[in-house]
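A short worksheet on the structure shown next.
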């Protein structure tokens, strides 16, 4: 039966009945990065891409580069170990987590309209329940991602971070939203903003609820996702496998979704 | 050219503040005790003195200036003497000339220091640049090693023995037993001296002074002032002072006295043999021996033999450091530069009480100070005579 | 006669490791001139440029003619010990730990008296003086017997003024460096107890590994200076028993600034030569600092081998010169911080070595054995600055004379 | 049920298993070694930025650096001079459907165990096709050698005349790329080419041929023994590095689970 499953998948891919959607932003020196308050002196450095050779005296046949970046740069994956609440999970590192979990159906909650009106929009548990009434319930082991269309701002760190004197302003989940999703048994939560939490989440109780609560439950986070507008509310399969960094707390990823085409 | 005599300038009202081993009170406290003691002895109020001279290692960050406001003094003549063991005689010299010239009428001279638990260590770190640069890095940790080297060289050069030095220390301890304020209160035998714990060979425990807190003070005024107030006084027959003498001597085997000894006796118009008692600067016995040599009591190198043949106690034929000196009474910092002088004033004015030398009327006092690097730099001496009052 | 030094007993694990006490540190600015000469291994005193009088202690004006022009000049190190003492009681914690301590007065022919440390074999009469750095890293003078005697270097007071490898455990950071074999040999010959040799990338085979691994008292250990975790791990394993650390790791590629079109080699040069040193310092430094007072077992020295072009750039090795300069600067900071633990930090500046990256440079070059000899000698004498090879010595001298002139002279080596 | 619905169900029940074909990014993992005058492949490096401490109280993270070709990695056509002018030849330009596809595994493990310079030849391909059928167009072909089980110096297997590890011959690559039109070729060794691959004509035939045709490479794969010869689905998505010539990546395969029939 499973052989058939994979065969059907292969057929669907080859026949064009299925599409692979790239959910990643480009990694480059201009990729916007999280900026922490100044009292945490250490920020993630800008992504650096250095040429090693380009068919030249440093290497005649080949071109290649080397890279320097933070684990949490660009479209990236947060492993439980990223947060103090998840520090004790043995499978909470990028190299030890269960990969079976990261290939899973994805629920896409479209908040693009609300976010366009209010950059500080917070998705609540009630709104998630309303979404479930419209699209079907969120099941155990599934991904939930919040569509904000924030990827359209990603070509500028200014608009992406959207910070003023009171800090960054970007949408995210409320505390009760994350609590509710965790009660449904999700594998992880993703957003299109710089992090899994709202820009103003530092002031919530607990602060940064997505980080705090997701990782406390050994669940994953996805940030800076792109192209969520190309996904149906339900029915796509999200593939979000982090680099196998030893003791890594996260990783830039190439997130993809398999989407059925009508 | 002959130096001007001190004529009618006199010393009076000697006062010693009893020493204690450690004190939590600062130098200001001890200076005040010393000043009050000498003023009380003369029946004077603080506003009746118009000259003030201070010697202290531990006043920092203050100096004599700070003390004027601290103690409520309003002098028209002020001096600060940073010369350690030579401070008393140098203070005397300057105060006497000021009074003689009319720049001041009554000068109070005070040597005072405190001794907190860490005073000695603090003093060392800021003592002198050469000591910091070229002496302490070798383990000296104070003057012990310097005097060990001087003693070693002296013994090798002139054949002096530990017994010779012991002779001095034992006699001083005998004197100290008569001084109720001396810190050392038990007899010392030559055997005990020889057997003492070594400190820096050939120096052992009883060659070293005990640092303590205390103050010494006296007044300088015109003779008629002393007479008017009915104060016993001492006249100044002669003084000398010299710094950094014989810099090319490889090791210090003589002090600056040797340069000026002739002038001292010429000015005093007398000879060493006329002295009823001698107060030398005695932070280590070897330097006392050198003072006897350099001040003309005997030839160079014969000091040990000369002293061995004398009885140095109060009742002896050459009373020396009659209150026990620093070796047995204690070394209260810069007051150590005053202790012999103040005792000598008491002696020649017959006010020394239990340590009084029978019919003392003439005394030689000598000072020596500041191991800047490998030797003492300052030397001074004075001959005093009891005044007929 | 000096008693030969015995290997240190195993440490009693129940006894607290003693803290490193230092001999008195403060010095006047003039006296720091003595420290600087000691760091270079010279015996020099101030000598009046006007009247020629030799001065001691260091000062700011001539004691004879008041001239303020008092350059440091090498002096004949001979004198006579004329007074001595054995100090048995001292208020100073460093000396208290080491009582009794001999010192004395030495008269030099130039007419100055010098208080100095005494070697155990010294008696009154003629002596030879050396100027060395003490555990506080300050210049001090010590009198030695005129004639070299057996086991003379084992004198405890003399050993305080150096970092003799005898009975000490040494870590050499890069097994693959062309200097390593010679260094290991020289250190073993000098009596080192154990030589640990760090190996990066054990998955790359290299010639000579088997021969090195087969040597007695040599242990190859994993250590990769470009990997923070590796350095941390090595420090955790070896930091407690590294008495002398010799950093001989270097990465370089020839080339001027303009002929390199990218920063890849430069990054690697910084990664190894500069950041590698920083990782080592952060890993091993605290532990060695804490072990500076551990008796004969104590951490004693840190050695960085650097290109002499750390002082002035060789434009034909632009990136390497810059990385070396960065490492030299870091070495100075490391020295300042390690001083509190009594651990000597030595810089060995070398001329071009005889390796694949200097094939185009004409001789003279520094043979590994010459470098090893100079390094061990530097340890034994406790130097802070060693210039190894004619080229390095020449460069240091020219740099001291006029750094700007040297820069212009070196510019002739530029590629275009 | 649609293909995706059945896949979701199979994933949930374990009927389809996700297999990890990736080596851990560990600072000690070997990288390719080139003559020292060439630019070198940067090894994986990791610096701790904070660990729930004064540098950042609640979180832990690292800065990492590496080459695009460090660890288990993807080669894009632009990596090789033959592919430099191909359209969509950098990792950020490749259409995402290329990251999911069927995979054929040619087991050369026995040969590689006997001969460290073992060659994948046209004969071996023919033999494999005789059993499993013709290699479908646009599928991945992976050469299983069990080389990923080697550790340390055994992995690169460097000698004075260079590295010794198995790889494809030029003719084998020609057949796979130009006759079978594969999507890409992957190996368990440090490169898609044999250790001695520079001695072929053309040198480095896998790189030369694959990238010249706009196809992809995967190397340093692990655990190919866990894949069936056919029937698995490979998920191999390189990081979206601007103008990147390749990327470390997490290579996954979807394989029939144990209860599969």
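All chains are identified by letter, namely A, B, C and D, in their written order; residue positions are counted from 1 within each chain.
One rule holds in what follows: a contact is a pair of C-beta atoms (placed from the backbone, for glycine too) under 8 Å apart; a residue touches a chain by one contact, two chains touch by 3 or more.
What you see is a predicted model, and the numbers here were worked out from it, not measured in a lab.
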Set of chains adjacent to chain A and to chain C: D
Grouping of chains that still touch (sans chain C): A, D | B
Among all chain pairs, the one with the most C-beta contacts: A-D
Chain whose Cα mean lies nearest the overall Cα mean: C
Chain B-chain C separation of Cα centroids, rounded to whole Å: 49
Centroid spacing, where centroids are CA-atom means, of chain B and chain D in whole angstrom: 93
Length of the line joining the C-alpha centres of chain A and chain B, rounded to whole Å: 87
In chain A, residues with contacts to at least two other chains: 52, 58, 66
Per-residue overlap in chain C, given as positions that touch at least 2 other chains: 262, 264
For chain B, residues contacting two or more additional chains: none
Touch-based graph of the chains, sorted into line, ring, star, complete or other: other
Touch relationships between chains, expressed as pairs: A-C, A-D, B-C, C-D
In the complex with chain C, residue positions of chain A that touch it: 50-52, 56, 58, 66
Partner chain D, residues of chain C touching it in the complex: 201-205, 224, 226-230, 253, 262, 264-265, 268, 356
Chain B residues within the chain C interface of the complex: 120-121, 124-125, 129-130, 132-142, 144-145, 148-150, 152-153, 156, 197-203, 247-248, 250-251, 373-374
Chain D to chain C touching residues, read off their complex: 27-28, 30, 33, 36-37, 39-40, 43, 45-48, 151-156, 158-159
Sites on chain D touched by chain A in the complex: 2-8, 10-12, 14-20, 22-27, 34, 38-42, 44, 46, 49-50, 52, 55-72, 78-81, 84, 92, 96-97, 99-102, 138, 203-204, 207-208, 231-233, 235, 237-250, 252, 254-257, 259-261
